[in-house]
């Protein structure tokens, strides 16, 4: 029984933090009309190798667990690092690794380990129709994270998942609440793909849970950053002749934020471990993590704006970037109320006693 | 357009407050195993005549409106005055006045104006069966306010309401959360009543709304009293060398209480006026009043205990009497969530635009 | 207790409604629903033209006394006007600082010459005013302001910086609080200056907000000047003048705001009906709760007005700002929950711009006294708790 | 990161479970589920007998070092014991002040004679202790205590009043903080005295709570005495001793409490299933949310234990009290909402006494540091915000 980061995980975290401090921040991306910094991405892939963390060693990756991935994403979430890291590892790698055949994994995971970006399109109305020895894909996928740039697309249809090249699809960025994480609409206009493009796996829910867990890890990092930024500000900002951090109302708001951050972190760490070892309560643990981390990030970011006063409401400040990402992330991969409903069903509708 | 108490209403309020200060408090009742003080009740009826407020002049009453009744009940709620006033006027008088024939009103309202107590039993499973020229009442009524002592009982059945003498029924006090307002279970074991005992009216919902409004008025008074008691305490209780009322967290909690109290009061006053004049939005106004006043009282009483610290948790203090009455009253005549659901239906399910 | 309007008041309502219906047409029609808080930088020139149209119709300065050139309308009439104005979705007023703040202050504290010079152009909508109170280091603590004005012959010379100044980009005049006294500190030695914006010493830098709009600006005074007779009230005694202005009972204005809120809630209900969120019990519960609190907001405002008629400032008047700001923020949060997964995606069109509502309402609990400051004031002033 | 128990630990769990199953029978069976917080005045004599039974089984002083006569169990073993103890619904411990507070303090600061005299009877369950810290004017502000002890020959003579003393009615001994220094004020000049309760100068007056129970008492010292060698730690230097005791990492104990909470939540779920509230979407949402927060409460406690193994006191340890107190209060409120209209009526039977839960949990956010004080501490100590 040891519920703490290992020394290796701590080293990974510290290295990630140091590296990320060198990358361009989220404002740069927002001002560049949502384009990722290609140099930053190549350093993430090349120097840090983070896209390899979850890829099994057989397929050219490191074969680490979600816990290591969570540690890195917590840091990326903290700095709002603009890059296709989340979509590639949490959606692309997870979908292919969970749903793909060995051959498909060998091909696509190796490509990702080598720097390709990937994502998952599972919302919308894409259908697959048999067409001789292949398939025709039609319809629209919506709210696809990094869908306008991903090189490898996994698309979910009525006939399961298919992997297609990103540039084979009509795709367009859609204006999103979170300016640091592009969303896109993809149109499939009878796109013909071979039967080999179809992934044999059917467990989309597991992919979404795994991705939700990793999003929750990012959210914990984001929540902690707004807390840190806010505490720092309240120590220097003076009103009525003293630092506002000495006012009890400000202290209480910050204390509430800390409770949210540390609770969400406990939930995320445990869920990562539970999924990695296949614990029986892994699903409920992930739902708990995503619900609590989403709520924590949103509430912390909201408090941060409030405690910053007017300055927190300005475009130049980091608060609103966190706030927007927090609310957008809440809407992705299951809103908190959706996860609570699933937990309620497990508690209330079954005959078996929950523990 | 004038939204304020009239000079007459202010006089009524001030007189009620002065009179109630002379009566035994709620602790006396709690220690007397829930028996009302008969002397206090006879003074309420005889000196103040409050049971006559809502009774039409034709039937020996004052023929005043719900607004005047609300003014008095706000004061009674403030002092947690133990007496069958609420059940008699809000349930008994309202039920008979709304559902009864002229002859029934003449008989029973006059009795109430003369000092009889009355209540309404509308929860449970009482059924009425034709039996020759009369009816047989069977089944159980539950959570009947003052049901163990009321002299006149209006009981709701599948065949409408009947008025029966209280002592014709098997009845037993049940232990209640609120020790200052007795609840009883009534058993009807084939009680035979004449057809004249049947009230012709069918609009039970209107009776319940009217009673709910008056309960809300009481709740506003209760909420204000716990606020007053708490503010007074925080001005004298010292910790860390100064009055706790100078701490920002305490001030903010009290400010929140004031918002709740004054908002609920606005809602109650308007609903009383709207019901009295038959405004089209009267039903929604009453639901708003009951929901907000119930929530306000409960939250204020909870805060009061918190801000009093340990002393507020003791049997001798008034806080817990308010807290228990607040939670019990929330459960009576429609919980807040029930009223919100009805408002939501009006907003969302109809075609007509709400305003 | 009588919550109904008199026959005369209903006639007045009809007059307002008719006038708005007849004039909010043509070029003005597209201003409907625009220019409110969170959207103040939209159609500014057109809204100034609309201000002038209002002036020609005699609808500016409704609350001003007749001696000041206003209509001397009763509070109930003001309520009616504002409710009808909001119901017609007429645009956010470009002249609100002049009409609501500068005008009443000059009327109360100004010289005859100041009244003669400044009131009429406000009523006509030909001079737009902005408010130079807040500073970077004087937010909730206004008395920490540092802008300084020094006497130089017949002029005051002004140096300092203001912030969160709405409409500064289009205003001709700014109402500036500055330190003029020698040993000036906190509330002492402050004066209220009327300063022209179109002069070399004044620089306006728009502030981009998290909504992407730039409704406010920083205003830098770097040797700006104004004549010595452009001080309102006593030199070095401007704090009371400024406080009077802030305390100047917004009176009926909150009721107009509530009519705007009703429009917003109605739009949200429509979205919920359209996307099915109206079937979600949790959403239903919260929509109903917001509806209840909105109703009560109006009722408490009417109680305040009735007390105002009696010359009282009742304690329930002090909860207004906290109540509406919190309500509005809750509405913004609920709007996102109604959108569900679509909360992540911005939608086209102003009328259904729930995201703008969501983002803008974060400022409501901050400006004009944060929620925290409001609660302090309620505790200390309404409840008499120790400072 | 490894959240599983080792084979040895699972064996230990089996040992605890077996022992409890074999001993919580006969006269002790009816104690199941009784005597916890909110019910501490139930079956007190029987629970003291149970304490002695635990002592004979070697289950008291689990966390104490072997030199002190304890078991020297690891933190994980303590967790396992407490979780199994709660799962078996074994009764609230009558000896918890002695085992958790007085014993560790004497072990850390006491003389050899004190250790020899006081530790064994605690382990045997033959001497029950109560805690004399809080006073009427020293609640959240413990340093405002006023009880005074004056040296008189070989004795201290004690005058003052303590309050909220649990189990005072049945305790043989009280651990009293008193002012002994000449110019004593705030944290200076305080000593920790061990005082016999059965003497003429000590009077115990039970405090009836809003639940109707009387679990606590006021304790009046009116010339009570204790020998001079019954001071723990330095004379006049007792504040640090007392603080050490309070800060003494409750360690595993919160995990036992969480197992109790799980029992309560499970009972509430059963009621909701029985009365149909489990079909209400709002109730479902809140039950799920409480379940999630309960899970997280356990996880954060385990993080704290793991950090404790490394000799750290991590900041997440500081949220424990606030978190569980708030959770428990929320559970109590939800319990009433699950009952619906029946919330107004008390029900029979202890097992489903949701009303007791509802009322008692109002004290959770007050005792051992109010929520307000907890938040101050978190802000100042965990976040380094200015005092």
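A few remarks follow.
Note that the chains are named A, B, C and D in the order they appear, and that numbering of residues resets to 1 at the start of each chain.
As a convention for this text, contacts are C-beta pairs under 8 Å (C-beta built on N, C-alpha and C of every residue); 3 or more make two chains touch, one makes a residue touch a chain.
Quick caveat: nothing in here was measured; it's all calculated off a predicted structure.
A count of C-beta contacts for the chain pairs B-C and A-B puts B-C on top. Farthest chain from chain A, judged by C-alpha centroids: B. One finds 54 Å separating the Cα centroids of chain C and chain D.
Centre-to-centre, using mean CA coordinates, chain B is 41 Å away from chain D.
Each chain gets a centre from the mean of its Cα atoms; for chain A and chain B, those two points are 53 Å apart.
The set of chain A residues that touch two or more partner chains comprises 247-250, 252, 337. Each of residues 281-282, 285, 372, 375 in chain D touches at least two other chains.
In the complex of the two chains, the chain B residues touching chain C come out as 1-6, 9, 67, 227, 231, 234-235, 242-243, 245-246, 248, 250-252, 254-256, 258-259, 262-267, 269-270, 273-274, 277, 279, 284-285, 287-288, 291-292, 337, 340-341, 343-344, 347-348, 353-355. Chain contact summary for the complex, chain A toward chain C: residues 123, 142-143, 174-178, 183, 238-240, 247, 249-250, 302, 305-306, 309-310, 312-317, 319-320, 323-324, 327-332, 335, 337. Within the complex, the chain B residues that touch chain A are 247-249, 252.
Every residue of chain D that touches chain C in the complex is listed here, in rising order: 280-282, 285. By the touch rule above, chain C contacts chain B in their complex via residues 1-6, 9, 76, 79, 262, 266, 269, 272-273, 278, 281, 284-285, 287-289, 291-293, 295-296, 299-300, 302-303, 305-307, 309-310, 315-316, 319, 322-323, 372, 374-376, 378-380, 382-387.
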